[in-house]
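Which chain is which? They are A, B, C and D, in the order written, and residues in each are numbered from 1.
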Amino acid sequence: MVADSSDTSALFGAIGGVIPPICTPLTPDRRLDLDSLRSLRTHLIGQGVSGIFALGTMGEGHYLTPSQSTTVVETLAAEKGPEPLLVGIVEPTTPRVLEGIDRLVSEQVDGIVVTGPFYANVSEPEILRHFELVAKHSPVPVLAYNMPSNTGYALTAHNMIELLAEDLIVGIKDSSLDLTNLRRVTVEVPNVDKKLIFTGSDTLLDCALDIGANGAVTGLSNIAADYFVAAMAAHAGDRRIDLSRILRVLNILVQVYVPTEVERGPNSTAIGALKSALVEQGIIASDALSEPMTPVTEGRREHVRSVLAEARQLVDMAESQGLAS
Amino acid sequence: MVADSSDTSALFGAIGGVIPPICTPLTPDRRLDLDSLRSLRTHLIGQGVSGIFALGTMGEGHYLTPSQSTTVVETLAAEKGPEPLLVGIVEPTTPRVLEGIDRLVSEQVDGIVVTGPFYANVSEPEILRHFELVAKHSPVPVLAYNMPSNTGYALTAHNMIELLAEDLIVGIKDSSLDLTNLRRVTVEVPNVDKKLIFTGSDTLLDCALDIGANGAVTGLSNIAADYFVAAMAAHAGDRRIDLSRILRVLNILVQVYVPTEVERGPNSTAIGALKSALVEQGIIASDALSEPMTPVTEGRREHVRSVLAEARQLVDMAESQGLAS
Amino acid sequence: MVADSSDTSALFGAIGGVIPPICTPLTPDRRLDLDSLRSLRTHLIGQGVSGIFALGTMGEGHYLTPSQSTTVVETLAAEKGPEPLLVGIVEPTTPRVLEGIDRLVSEQVDGIVVTGPFYANVSEPEILRHFELVAKHSPVPVLAYNMPSNTGYALTAHNMIELLAEDLIVGIKDSSLDLTNLRRVTVEVPNVDKKLIFTGSDTLLDCALDIGANGAVTGLSNIAADYFVAAMAAHAGDRRIDLSRILRVLNILVQVYVPTEVERGPNSTAIGALKSALVEQGIIASDALSEPMTPVTEGRREHVRSVLAEARQLVDMAESQGLAS
Amino acid sequence: MVADSSDTSALFGAIGGVIPPICTPLTPDRRLDLDSLRSLRTHLIGQGVSGIFALGTMGEGHYLTPSQSTTVVETLAAEKGPEPLLVGIVEPTTPRVLEGIDRLVSEQVDGIVVTGPFYANVSEPEILRHFELVAKHSPVPVLAYNMPSNTGYALTAHNMIELLAEDLIVGIKDSSLDLTNLRRVTVEVPNVDKKLIFTGSDTLLDCALDIGANGAVTGLSNIAADYFVAAMAAHAGDRRIDLSRILRVLNILVQVYVPTEVERGPNSTAIGALKSALVEQGIIASDALSEPMTPVTEGRREHVRSVLAEARQLVDMAESQGLAS
């Protein structure tokens, strides 16, 4: 459906804030670990997140089979409280996205997050057409997922502005590193404060919020949701010093991603680090990764542990100096 | 399964030659047009092709929903004669490819063609691992599909050589434009003449054959299979002058792809040109394209007609001068 | 020379702030127009800039012949007041940069801005080595010029951090669009507030300053230096509302760059827009561009005029509402 | 000047064949080693090359200072016999190329080889304009240098065809890996056999010749000019078996380039391998490389020696079996 503006406002009221792209825990033999998934969801909700985003890139959405994807969404839907549930539908072309919508969107799903086509060599107008068709088909509001590192191209400011201005989408999740486009969007879209402008950046949260983003959908919020929640509150209250202290912690935590091994791709580095930290924090049972990602090694785990320890040290020091987290 | 060398030889004996990546005809409202699909298959077999490749890029494999893909394969399987049927399984990650294999490979399927992971930021060793896992899972021989324009990266010579040398794959379909890698593969792989080395290039067939390719899986063979068959025969018989005459025709025909409109992406340009030519030749009923590809315009159809006419003229002239096709 | 920290501080004290990459005015037959160059320099100094950067990308440094480059630097050096003069030395490899230093650096030159190698396929360690050799050779402090849109690659955070931490360079000019790297640099470099961290972004000035940049070397400051100066003052004084008003003007002005013609490359679009606006403002005589850039058309001039008018309107409105610039 | 067709023919008659992009030997402290340069030139002429190409990419043209470039050209000009001397003028923009022409082209220079602009973000029509201006300015014939790995983009078939068809350039040196464009050029340019179509590929010589190339300007011809000369003769005489035997040797020799160390960029890998082989063959004195290329290590030298030995072994074996070279 084409979302009307009242819907948009309602959704916006509900889901501004931190929406983790929830990891999908697996057993060591790579089956879904639904107990760990529920545990992670409960943990995140407890940390004050505003919603849950299932089947994003950090959620290994593109690795799961159709039936696994359905199970993940059903599991999260069954646990659902008042907080919105967003679902990523990452498929190469329009017909496949429409099929994914029909399969995955139930009454418990509050919105979907959809990339532009990939593996398809489409043009800028064809990308626009893709989102128009998705918007017309979807029974729930649509967010455009700007993910150049994976699709191979960035959504243009022109396309994002057009889709937002015409209420075909209710928001964007911007995981590009180029804030120039985000600025153009927030400058040029009318009533942009009524749209969902989510940043996917782990380290530029403050900049994105200054530019006009009103939400954070960042991989790191799987393991530090409380810090992201606190950072957004500090920004909203214009407590710049608090904000800067929290960002300092996040800037340490982000080093869990720092690659030290050539044979490992960016996906396995990032998702492996998050899962490994979640195991370390006692929230999920295993850091197993979907194939063909290189399994997490003991060396990577050690690195993650040392980064977590360094972050904890900084927090302890700050607290002993009286910083209210 | 890991194909053993006797299997490979058998398959090779059967399917060296021209294997069109068969277009998937659609009705004007974009449902499968199975009558046209059968008609196209019959036409191609009649032109002497050695096999059929379903669900490739030109077959809009990445646009079809799972159930549409199944129907296409079943339809072609039902018609199948002695010629092999290859099926493309184009999915972003290993678990999805394995799921696709389970869904699409039946007794009538003789081999599968699989790309490296995409939308997944994997490393070179992870790409190798992907193919190893696919090979272990597949009940039929596997060909690696080198498709850098769509996946965003080329399979390395190292990975292709490793997979071929260890009999994990029985061949490659090389749709890169870089023949340097193909040369390295044919120079370094032991018994490479027992492998299936398919080129996807419409215009470099002679070079690819000289380098050691033994098959052509080219988009253009949908509309000019007889010329590709004749070209391969001329090359095999070392009839260089005949070969050069045939290539001249193909070099005209390839201009059906020449883009003249900015709003159209490469996929819709290429697939639209092929379908439009097939309609013009009376083989399929409509040149409708999957969404979000820009529909073929009358202007494009006119262009395709004029290219076909130019090619026909050249052929007539040659025939009047006594060229045995 | 390897700048010692006292030098660095001195330079820093002098040149924090707005340093326009000054355009190089040409006559209609593409000879240097030194009168216009002096006029532009005087205008910029009058608007409160902290220094002048000659021969940058917007200064067509890579289009000028060696003798023209020398003339530009000599002309600016002759006019020089207390404000520092930086000179861009944009050459593909180390020996050519060293030659450029010997040719262009005189007593009046306070620092040089140097890119990594280009047209040279070098590795990350070789890029580091390049800057080390440049630093050892240069009699004046060196800034590293991060310019991925032109060199084809971004300087890595690792290399920038290493060079800054070891005092081989005194700062960076970051014209990448990726603030992630800039954040890593400001987080990880010790005493980063003693370094020159210049952003090249026309539209992300506030973000860059929040991250820790202390200067702006932006193309748009050729035509709106006063706004950049005011923006930096507003940021320094934590006057967020003033800052946001000024940025609104800059976000309109940046639309002089918006491309509307396919035949024109990004260089001619951007430099043409700046020169055209400077002609419109009565500061330089001609908007002629170096070859092979497409000449500015009357249509582009009209576009520039309308953007300037829109920005002026916004300013007038703000002033009538009592905004202290 | 715009070369007229009689000139073109004359030049063509003279320089079809193998034209090595001659290495520029340096002393261990990186000064020009003119004795080694003369020795290398004499050696190459003795092996039957048809001309010499100075200041190409393998000749470190982009590393040499203006005065060094002049010295290299003067030295080769002084030695010149009847064979043509081509000079590479690799500069980022039109004015700099024109300056280079004025500086480097003397009576002994028979043609220049010029890339499209780089570090300049130009459009396709601006690239065309660049070559038009260069052609008008140059007193000697111009070849377009298609070098995507270094400039960041490939010359389009459209531009190459236009420039050749209008006699603005007399030929191209194609160092792209994409033979598709080369094919389009040879198919669409009228009288293409009167143009100079040089391939820069070390391993696809046979394909390029089949497509219509009439010359080889390949890095490897610095160390194996005799094989390239023999290969071209075998191709011209349609001695396919001889050709294939020679190519087998070249396919071994090309492994001197195979990278085994991550810290080394492609430039230093390739040029270092050639210089190291030339030292090994006793033709030049040192394998020193321009900065910032990583110096050749003993490990690399060992690798080069083993490749040379393997190639020699194959040749000896072939000779003992009676292969006429």
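Everything below uses one rule, namely that a contact is a pair of C-beta atoms (placed from the backbone, for glycine too) under 8 Å apart; a residue touches a chain by one contact, two chains touch by 3 or more.
Quantities reported herein were computed from a predicted structural model and do not represent experimental measurements.
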Farthest chain (mean CA position) relative to chain A: D
Computed distance of Cα centres, chain C from chain B, in Å: 50
Centre distance in Å when chain A and chain D are each reduced to the mean of their C-alpha atoms: 50
Length of the line joining the C-alpha centres of chain A and chain B, rounded to whole Å: 37
In chain B, residues with contacts to at least two other chains: 262
Chain-level touch network, classified as line, ring, star, complete or other: ring
Touching pairs among all chains present in the structure: A-B, A-C, B-D, C-D
Interfacial residue positions of chain A with respect to chain B in the complex: 30, 62-66, 68, 90, 92-96, 98-99, 115, 117-127, 129-130, 133, 149-152, 262-268, 290-294
Of all residues in chain A, those that touch chain C in their complex: 177-180, 183-184, 187, 201, 203-204, 206-207, 210-211, 238, 240, 248, 251
